[in-house]
Every structure is written in C-alpha cells, then in structure tokens.
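Here it is, the structure in full.
Here the chain labels run A, B, C, D, E and F in written order, and each chain numbers its own residues starting at 1.
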C-alpha cells in the first residue's frame, strides 16, 4: 500500500527535538559506559502489522549525531511480519542509545494505529465505504496519528477546529436553527471550508441538507434506520453531500457499510489500539 | 485512593497551551454559530474505571477564558462508574467548545492508563509486589502517563535516561564487563543516581549484585526460574537490592508475584490500554 | 458591519508577546523619565477608514501591566472618521509607553487592510460576487491579515497549504494531467478538503470540472472571455463549482463582476494598501 | 548600491522557520500530486524596483530540503527591471512548492520597501540630508524592514525602545522638564545611548539642546520655520546635535532638505509602499 | 541609592519560567511530604552588601501559585546587613518550596554583583569617574547582571553587539585603517549608534578621535601614561569624546581616576564576585 | 583527568543559540568593518587552572557559520597554564567576531568553576571523601555548572528537585515526623529516587536512618561532633547510608575529611569562584 506523504514541517522537527529531550533530560547517565565510535543496529518487528513512522527516524537519530544514517527497508503502510528486519541504522553509540527509546516509542505507537486501522479497513473492503478518523487523538500527536490512519488505509476527517466546521446540538440551539447556524459559519469561514452537521434524528439530517450542509454525521443510528434514511437524504439534492455514520462498533462495520453511506468514522484505531511490538538490536 | 501530587510545572503549562493550539489551529470555524456569554457544562463517565487528569483541566479552560472555572467532583485515582458526574465547568461558550476536545482527550487517555494500571495492580493485591511502569510512553506525555500509572496504584520506574542508569547487554560488552560498566557510570553520575543492570541469565544477575548494582532487572525469566533465583540473589548481600521482572504477561502476574520479587515492570497500561470513555454535556 | 470573530489562540498570544519584545528589547530606556502610577490615554483616528485590531489590544497592554484595561469604543469592521475616539486605555505609565508603538503598529496595519478591502468590496456591491484574498500575506501575520480582510467585508480564501489544495501547472504536468492530479490529492487529503485547479485556458477549466474540481481559478482571463466561458462551465455539472478570477485590476472589478463568477481574488488589500493613521494621546 | 550586511541571527533563523510553518500548517495538501526528485526554478522580477531579501532565501529552502541551493543573480540593493532573472533555485519539488509562497512574500515585501525608500532617497540626492525610518514597522519584521530601508539607501533610526531614548511630551511633563528628563534617562542608560528629544516648538528645541540632547526631532515644523530655526539651534552648541524633521510629506522633501537639517524621518517606505511584484517559474 | 528601573519584558518573564523549570524538572519529589495550604516565609540577609533582584521575585512565586504575594522590605540598590529581614512571602507550601532555590539563586547572584560593584564605586567616590561594566556576563543573564551593576552604582557599557560598535585591532586592519573602519560602520548603523575604538597606543587613540570616534577605550595604559595622554586627546576636538580605561586592577582605581578619564570599565563585579548569602525561613 | 561526558541535548543546543542571540541582538554593528572570508584564531589561557567547556564551542561557532571548525588542543578537565594554546578555530570573520564573546564567557565561567573545584578536591586527596556540589547554581546553567564541577574532580549531588528528594525541617514538621515524611515521598516517587534527610541534631540523624533514609545531610556540625557521630550512625544499619556534611569552610575541609563522612557538599566552586582568564587571538 502506498503511503500518503508526510511533511516534516518545522513544527514537527521541533516536536521531534522536544521528544528526544523528554527522555534524555539532563543527559543519559549510562553514556559513561559506552565506547566512543560509530556502531550499527537494526530494527525488527516482533509482531504482525502495518509499519508506520519510518520517515521520522532519520531526523531523530541525526539530531543527536549529525553523521547518523538510517536505511529504511520497509515503507510506511507496508505489512510486516514477526522477525522482519525493518531498517538499519548507524551512528555514534551514545546517539544510538539515547535516541532508541524515543524512536521506538514513536514508531510503535504509529504502527499500532496503522495496524488497527488496516484491520477495520479490511472489514469494509469492496463496500465502497471509507473508514475515517476523528479528533480523538493523543495531545501533541494529531498530525502523526492521522498520518498513521492514512498509512493503514483510512481516510482523514478534519484535522482540527479550523479546517472544516462541525455543527453540533449546541451550535444549532444557540444560532437559532440549522439554517442560521450554517449561514453564520459560512459568512466568516474561508470559502473552501466545508460545513458538516451532526444529526441525531432523521428530521435534523433532512434539515441540514436542505440548509446546504456539505456533510451530515449521523450519530448512533442503527443500520436498519440508515438503510431507509440514506436514500431519502440522497434524494433531497443533486449536490454531493457526504453521509457519515459514527458510534459504530467494529463488529457492525459490515452492516453499516451496506447502507449506502460514504463514511464510517471511528476513533477506535487511536483510542483502542495496542502498540506494535518492535525492537532494536545492536549489530556488533 | 489518594493520588500522588501532580506538579503543574512551567513546561507542562506550555504543553497544555500547545495541545490546545494543535486542535484550534487558525481558529474554531464553528465559533460564529455560538452565542456570546458564559455557559455551563458537566462531564460524565460513560464507563467504569479510574479517573485521572482533573488538576489539568482548570488551566486548560482558563487558557482560553481567564474567567473559566472548573469544579472537580472526583479526585484523580478515584474509581468512577458509568453515568457518574465528574466535574462542572463554566466558561464563555467559545472557550468551552474550543477546549472541549483537548481536555477530554487528555483525561480519557490518562484515565485509560489509570484504569488499566488499577486492574493489574488488583491482581497483585496482597502479594507485596509492586507494579512498575517503563519508558515506553507516548512522546510528549512521559510525565503525565507516569502520573496516571501512579493514580492507578502503580509505582514509577525511572522517568528518563537521566534519573537512574540502566545498563544493558551493550553497555556491559562495551565497558568490559558489569563491574567496569557500573564503575564508569558511578564516576560521572550524581551520587543519588541508582544503577540498575538488566540480566538475562542467573550468572549475569549474580555478577551485577556482586558489582554493587542497586537493582537487577530480570528479563524474561520464567516464574519457576525466579522462585529459585530470587532467594539466591537475596543471599548475596545485605544491601537492599531491588529485584524486578519484565516481559511478564498479565495472566502470569500472580505466578510472578509469588517468587519474592520486589517489582514487576510492564508497559501494558500505556501500550495496551483503551481510553476511558468520558463526555461533556452542556447544562443549558 | 458585524466582524467575524477573532480567536485569541495560544499561538497568537505568544506572537503578541514576541512583538512587544521586538520593540522593547532589553528595556525601554525612556522609562526612567516616567512617573510611576496609572495614567489614561485614548486613541483617535486621523483618517477615514475601517477599524480593525481592537480585540488584540487588551492582551497587549495587560502583558506589560496585569491591571491595564482597554475600553473599545468601536468594533472591528466599523467605519471610522478623522478625529473619532476609538478606545480608552488605562495602565501604568511605563506599560502604556512601552506597548504603545506595538499596539498602534498592529491596529494601523490591520485597519489599513480592512479599509482597502472595504473599498474594493464597495465596488462589487449588489453584484453578488465576493472579493477574496490570497496567500500573499506578511510573514507572521497570515491569520490577522486574513481577519482584517473579513472585517473589510472580504471573503477568505484558504489560509494555508493545508486547508485546501490548489493545483497549478506544475502539479498537473507532474501528476500526468488534471484527473490524475486530483485523484492523487484526494486519496491523501482529509475528506473535507476542497481541490481547486488553476486554469489558464478554457480547455483546462473544462477538464478540471470534468475531473471533479471543487473550484476553478481562472487566471488572467479577460471579462469578455469570462462572459462566454462562465455559463459554459456552469453547464458542465450540477455540482456546485466555485468559479474564481484572479489577476484582476481594481478598476476592472465591475466588468468582472458582471460575468457571473463567484469570486474575484486579489492580494491588493494586503500588498497595495497603506496603514490607517491612528494615534494615542495621553489624557492627563 | 552596496547593501549593509544582514545578520542571520539565531532569532531570525527561528522566525524563518515559523513563517514557513505558518503557510504549511499541517502539511501541503498538494504534495501528493508532485513527483519526487529535484527540480529547478528561477525568479524573475515583474516590475522595476530595488531587490531585497536574497540572503534569507537559501535558509528558507534548505529548511525544507537540506540539499536545496539558491544562486543569487542580484545583490540586495540592486536595481532590477521587469523580466530580469533574479535567482536560480534547485530543490526537491515538494520543498520548492512548499517554500515558494513564504520566500516570495518576504522578498516582495522587503523589495517593496527598498524600492519605496530608493524613490524618496533620490529626491534628496545631492542635498546631504539623509532619509531615516521610524519604529512604525510591521510586528515581527522590525529588523528586516529596517534592513530593507538600508538597502534602499535610507538610514536607520533607533531599532527599538532600548538602543536610544526618545523623550516626548509626556516624559518631559512627568519628569519635570527637559533637563530633569534627560538626567533621569542618562543616569540609568548605558553610556553609549543617545538621548533624543521631540520638540513641537522652537523653545522646546532650544531647551533640549541646552540640556544636552544628542538629537532633536522637530515635529511638524514648516520648511520656512526650519530655515530660520536650524541655524539658531546649530549656534547654541559646538557639540554635534542631530537635527531631524518628521511629519514631512513626500512632495515636500526637497523643501525640507534645503533647511540644513541632518535627517528627515518618515515611515512612508514601510506604511505606504506596495510589494514589488516577483514570481517563481519552474525551469523544467 | 535609587535603583534604575528593571523592565520585566516578555523575554525576561519567559526566562524566569525556564529557570524555575530547570530546578523543578519533572516535579518536586518532596512535595508529597508537604501539607496543602498557604504558608509564610521571609528572607534574611546573612551578610553585608547591596540587595538586588527584588522585582523579579513576585513573578517567580506567582508562576507556581497565582495567589502568591511578595512584600519587599528593601529596594534594589539598598545596603543590607547581616540578619536584616528583606522580604515576606506567602504562598502554597508546594510553591514556596519549589520556587525557593531559583528565587534565592537569582537574588544571591545579582546581589553579589551589586555588592562588588558598590565596593569599587566607593573607591571612585568624589573623582567624577564612573565605573562601567563589560560584555563579560554569564550567558543568559546579560540584562540582569548589567542591571545589578546599575544597582551597585555602576554605569552600563553597551548591552550587546548591536547597541554600539566597538572597533578592535582586527576591524581596523581589515577595513584599512580607523577612518575607513568608522566610515564602514556608520554607513550601515542606525544613526544613534556610537562608534568606539579600542586603542593600544597613543597614536591609535589620536587617530580614532580624528576619525570621529565617539569613544576611545584605552587598553592597558599605565596611570602615568594616561595622565599625559588624556589632556592631549581632549585638546584634539571640541566634540565630547568618552575616554575609557580598561585592564585596570581594583587597587589601581584611584590612580586611574586621577587621570581625567571619563570611565573605567571592568568585568570584576561579574567575573570576580561572590554571591551574597541570603536565606529563606519559614515563618510557621 | 578524564572528564565525564557532556550530552549536547536538544535543550542545551537551544540554550547555546539563545546565548548567542543575547549578545548579537539585532546584529553586530561592527560587521560592516570586517572583511568577508574565512579567518583563523586561537585561544590561549592567561592563567593557571582547569579547562572546561570545549565540547560546546564547535556548536557555538557553527551556529553562525556552518563551515566553521574548532580544533581542541586540550580536553575538559585538563590543567592549563598561562600562555598555553587551547584551541584553534576557523570561520568566516563575521562569525568569529560575533560568537567570540559568548564562547569565551561560557568557557571562562565553566573553567573558573572547574578550577575552584579542583583546588578543593586537592585538599581532600587521599581522604576517600568526595567533594559534592549543591543546587546553588546560576539560573540557566545548572547542567553546565554541574558538569564543570565534575571536570574539576567533584561529585554531583542531585541535579534538581526531581531526581532525589531532600527532606528539610519543614517537610518533617508538616508530614508529622521523619518516618511519615519518608513514607509520603516514597509512595509517590519513582522507586530509584533516593530520599535524603537534612539533620541538625544527632537525634534527627539517627531517626532519619532508622526511618530508612538513603542519605543524611549533617548541617553545620563541628568536626569534633562528627568524629563521634559518624560511627554511631554507621552502626545503626547495614544498609549503605551516605553521610554528608554541609556548611563547611574551605579551610576546614581536612578536619571534616577525617571524620569518616562520605561527602562534603559545598557551593563554593559555583558561588565563590572567579572566571578563568582566557582570550582569543586572531592568527592573521
């Protein structure tokens, strides 16, 4: 699977530095027992899953040793199996040891998300329905965890409060109804911003579409209800409106996929996944 | 359960600001649909578990509205049940909405860790053996995730590379044996720093204790092997040496606890836990 | 005119601190000549225009004196006239003097943009065509300058490279055509992200719409050409596609507005405007 | 014209990173449509003016691609004409596209200021009077905008509140007169710091010189008044005192220059200039 | 002695936060043994000297407890004696304990400098010669250490490389002589910037004055040589030129003061002083 | 003497940048008088002492000129004599001049501490007692000043409030006695954290050991008192307990060393030392 590109922005570079710092603190106390000079190590996977995080690692090791080099043997999004060698790395021993935990923690967390995403995406295979993520992400890791979802075959929902507007019960109540709420948002938002409405009843969903919503999030509807509702909503407009279900349990994915929805959004790959077990071994 | 105190250091305050910023980005697009003025909300738990993260929340909401106030109804470390009200919060509507996701993400993640820790700790009840964490923590969240482990009844292991030295296979090889490695570390380390040695064989464990290690991490030994080894190691010295097992599966905790160890360290509460489901409801 | 809300995000708060610091440096040398104690001042407009920047000022003065207070007499987006009093401010003399220049520079720059925008927007009045901005903004001021455009009645285009995709000549060439380029972007982008194509010929514009573009930027077409082209493009699809012209001189705005376009985008309010002249006067 | 050197200080390097980040945000959505590999581009001027900002560009592109290289074909301060090629740049396509807007915005803004400065400076040619800037600069760009003024042939006034003291009406009133104010400032200021007094009447100017001011800013005097006043002030002391006029309209520059002043200070190149139109073209 | 004002700039506020963080790290381990609730403490001097640093302390304690309050009983620049109570502070016990060391370290270091300065200044009393500092300051503490010098009665020399130019042997050699060097600097420097020349011979000093230097630093001249040279240099020009000696040992201060110089600059109060011994005592 | 390794952590790298920035400010005004092109310089010691700070210098010069190179001729911890050449450096003239002061200030300060430490350590030679430092360090320089102590042969005490707990009079009073205080701290602290108790009487020292303290700081005891007390304390337990004296005057070191203590802690090398005089000379 070809992974979507990851942009190593100045902000992300700074985070990688901060994360190294978090572990190193005032200096690695064990460094005095290390021999100076370059040494080599490699990573292996200890479990089956989808790898993610490779493009970050070169920067991480080089922050502590400018001459470090990382050779990736797998691409982000690739399936990996137990015992598989993932990368080779060469650096000063002190840098290898000091960066090891941070680098592994990042890749294990992201690979865990990619792996969990891929499992759910596999459930939807052939249905034409995409699996999307949510804003339930670990503080500080939004961009990376959403990238991991893409590497697992998922589709990103909005990345923050500022790249699309989601109107919930309270917005509608305070603004005086869905039409007023959408109008208020559109008047101040950049024109490319989509407006999505969270609906808890069929009537709310209908009203949202009639008021011009770009997407409707159908929250906690049953598959049966959606089977009936989705075509009704489609019939309301020739505009493309994205219909999305949330509150779906993994075991119900197929039932929901059969309703003609566009998306099923879930935080499960982020909030209910385990880290993929990876480890670093010194080559000499 | 009384939770260990959490220090809202300047660095942590800055992280809380950064995490809000991550979600808000260039501004909450939905704010235009909100009514000005203060409003009230409360949080409820939607699952059974151990709450964690409360002392962070006042700062989070006040960063976006200086007059915001949070009233905690539970303390960190308290058991909570589905439907239980956890806190009341009052703030400008725009601040409440903009901070909601970040605040919940933090508390859900930390409560998930506290909950998972408490479950494992319960397994060890009465055994006198403590459950300890590891350096496998989410980048950026080391201090908070370790705090969550404490709230769940666990004991923290070292917080980074700089507050205790752990000597592994490579240190020993490069330094020329365990005695040389320990000496090298002690000569440069602050005197209060403990030196711990990771041992993969009984002979290594013995050598470590004879060389003056403060702790020995017994990696991937079976309970049977430890039943025999632990008393042998205890007999080597009158110094207190902390004996710790790692690589333990949750279902084996009781078997390991019976071996006379001091600690069982595991990353499971961090790497294999789900977030505790919490939600915010507007009160008016 | 009701101004769209401005979010005083943690990042913006930090910028305001940095901007004060830039002017104060190692400390205001004139402070030794100031008398301790609170004093009052007010701002007046020395020119006709549209005010912008008010909600930033309280934070700016309070950063240097926590007890400072700013009373705004006009709202952002309000028309102001020469001699009009805009606000009252009260603070320690040293804080008033040290923050004055930074506060005025901000408000004068933003008000200049709002004023220039309002003039162009007035040209379009009644046409149904909106004036939009571009990414030509002063480094560091993107969010604020775009906010000033909103205060002047303009519509924001995307705020950065990450909240909508704009495909230009090179993207199309490298990706192997407009359909391939759009597909490549959509596969990795969050679903709410719009894809806009910059077209230099009628054929390119048509191809973009057929390939599913959400918007087409028609670059340097004449009004005559657009009069013919716009209906042809509208006829290609029932999807709403935003048609936008760029490269328009201010004196041609009306001619372009008559072509049935949705938007005219221009950097002129940012790149060709003068600051609005404002000044602070001490009240005692 | 030989441009004064620009110091790429650590603070400026950080700003360049922040400004890239501002545009890139969570990542360039269009990157998926770009082909990997290096490509070449060049910049051309689309207008007549004075170029400024070149020495910043190498750092900007290299921040996103360490192997990027920029070949400058013109120096800062050089006059450029429409169609003139200004520089060649080679980098990964993704870096070229992601840095393009930030790099151009910087150079267009700074070149606009240099161009506007050069036009005013040309008015003063042969008069021996220098054109100086003010503290009216865009927040965050003080050092760069002042550098652009130098590149246009202007002279910098103080760079902030901390490298020279300017005493205004309020300082004089609060300190109990000009002599007391100057004494108060000198007692706490580094000895090299100049003390300048803003005078609104001839008597104030005289008093300032008698009290030992290093410079007198003559605010809103007519050319006629200055023709008479300047020699009177010069006669008061053998110390070199810098006499400076402010509040001068561009069309009056020659009249003011004839009065024997040392400096005319104006914010016009910063507050009333347009950006110089530059563009980047891909070479392949 | 009335101390010159200290500006608590945003940058200084951030440093105070960073310095607290440096000591607190991941959290004060002793906090668990503290009782919740406010408590009171006071500071006393354990030695004779000049106090400095008071205005920083309120910010320091309030960073860890917003309700903390500091009541200063002495002003910066005041002489203090052993046993003298300097301030009262009230805060949460955890904040008092966590901020204590950082606050004391700051005040002890700064008071040590003020004390050492005052001793040297006393040597010069009645001579009309001022004692000035240098750029030999502890990294990160430039502004504060220079402030401490002022509190001790000293005069600040330039604060950095950017608020006055000092031309040394190499500048003169590279620029092609003192006249060329001064001209090169003046052409690019803000007009208020002073140009100072370091001279190692009488001829160099004379050339500097003839070339228009604002100050001459006479490095390692004997008092006898200066007695002769100073009047010769004064006779060269009616411009005020600041004559300064450096490389002066404390015991020679009086001899140098008799030569008619303006300044004697020395790093001794910064590089050769001891901290003033202060301590905090809990009041209950 | 072999110096303990110094970790150039991301945080330390950022500090080095900040310290350069502090001196350079808005740019070195003298740069205009420098000739472009690389030049060479070297450092010499002007006094006898112990060198410290070398490994920082390459980073400092390279921050201003990526092609700069530093060749160290002495290692940290080496004794140096007046006139000894310490290092060669090659860089652009502008970078050499702009970084010179910051680099020297760092090395002079750190070498001064190493030198002062070495003198005290020499007093203890052969006694088996180690000299330890304290938390009295210059704000911002904790890690470096403690490193300088190591380079002078001293032993570091804890580095902050978070890597060991020190319980003082107030902790004991508030917690309800030493046993309760130790228990409270151990329950929340990472297991490797040592707990040290400050004792002012023999009874307090005894109680601390009986309550399980890892170390006892014996504050302001006389050598005579300690001669008697130390063996009594040693007899209380077979656990290794570190006995440490503080409040020791340099001239009493030998007397204290004879008491059988483990450590004597003193802030003197930090709070009562002079900088080591070093200077940079241009080689051409």
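A few notes on this one:
Heads up, the rule we're going with is that contacts are C-beta pairs under 8 Å (C-beta built on N, C-alpha and C of every residue); 3 or more make two chains touch, one makes a residue touch a chain.
If you're wondering where the values come from, they're calculated on a predicted model, not measured in any experiment.
Chains that count as touching both chain A and chain E, per the definition above, are B, C, D, F.
Rotation relating chain D to chain F, from a C-alpha superposition: 120°, rounded in steps of 5. When you average the Cα atoms of each chain and compare centres, the chain farthest from chain D turns out to be B. In terms of their C-alpha centroids, the spacing between chain A and chain C amounts to 31 Å. Centroids of chain C and chain F (each the mean of its C-alpha atoms) stand 52 Å apart. For chain A, residues touching at least two other chains, in rising order: 4-5, 18, 24-28, 32, 98, 142, 159-160, 162-164, 187-189, 193.
Interface residues of chain B facing chain A in the complex, by the touch rule stated above, are 15, 18-19, 22-30, 32-35, 93, 97-98, 101-102, 104-106, 108-109, 112, 135-142, 159-167, 169-172, 174-175, 180-182, 184-185, 187-189, 193, 267, 271-272, 274-275, 282. Within the complex, the chain B residues that touch chain F are 4-5, 130, 132, 146, 150, 155-159, 162-164, 187-194, 196, 214-215, 238-240, 242, 263.
On chain A, the positions that touch chain D within their shared complex are 4-7, 9-11, 14, 142-143, 159-160, 163. Across the complex, chain D meets chain A through its residues 17-18, 20-21, 24-28, 31-32, 63, 94, 98.
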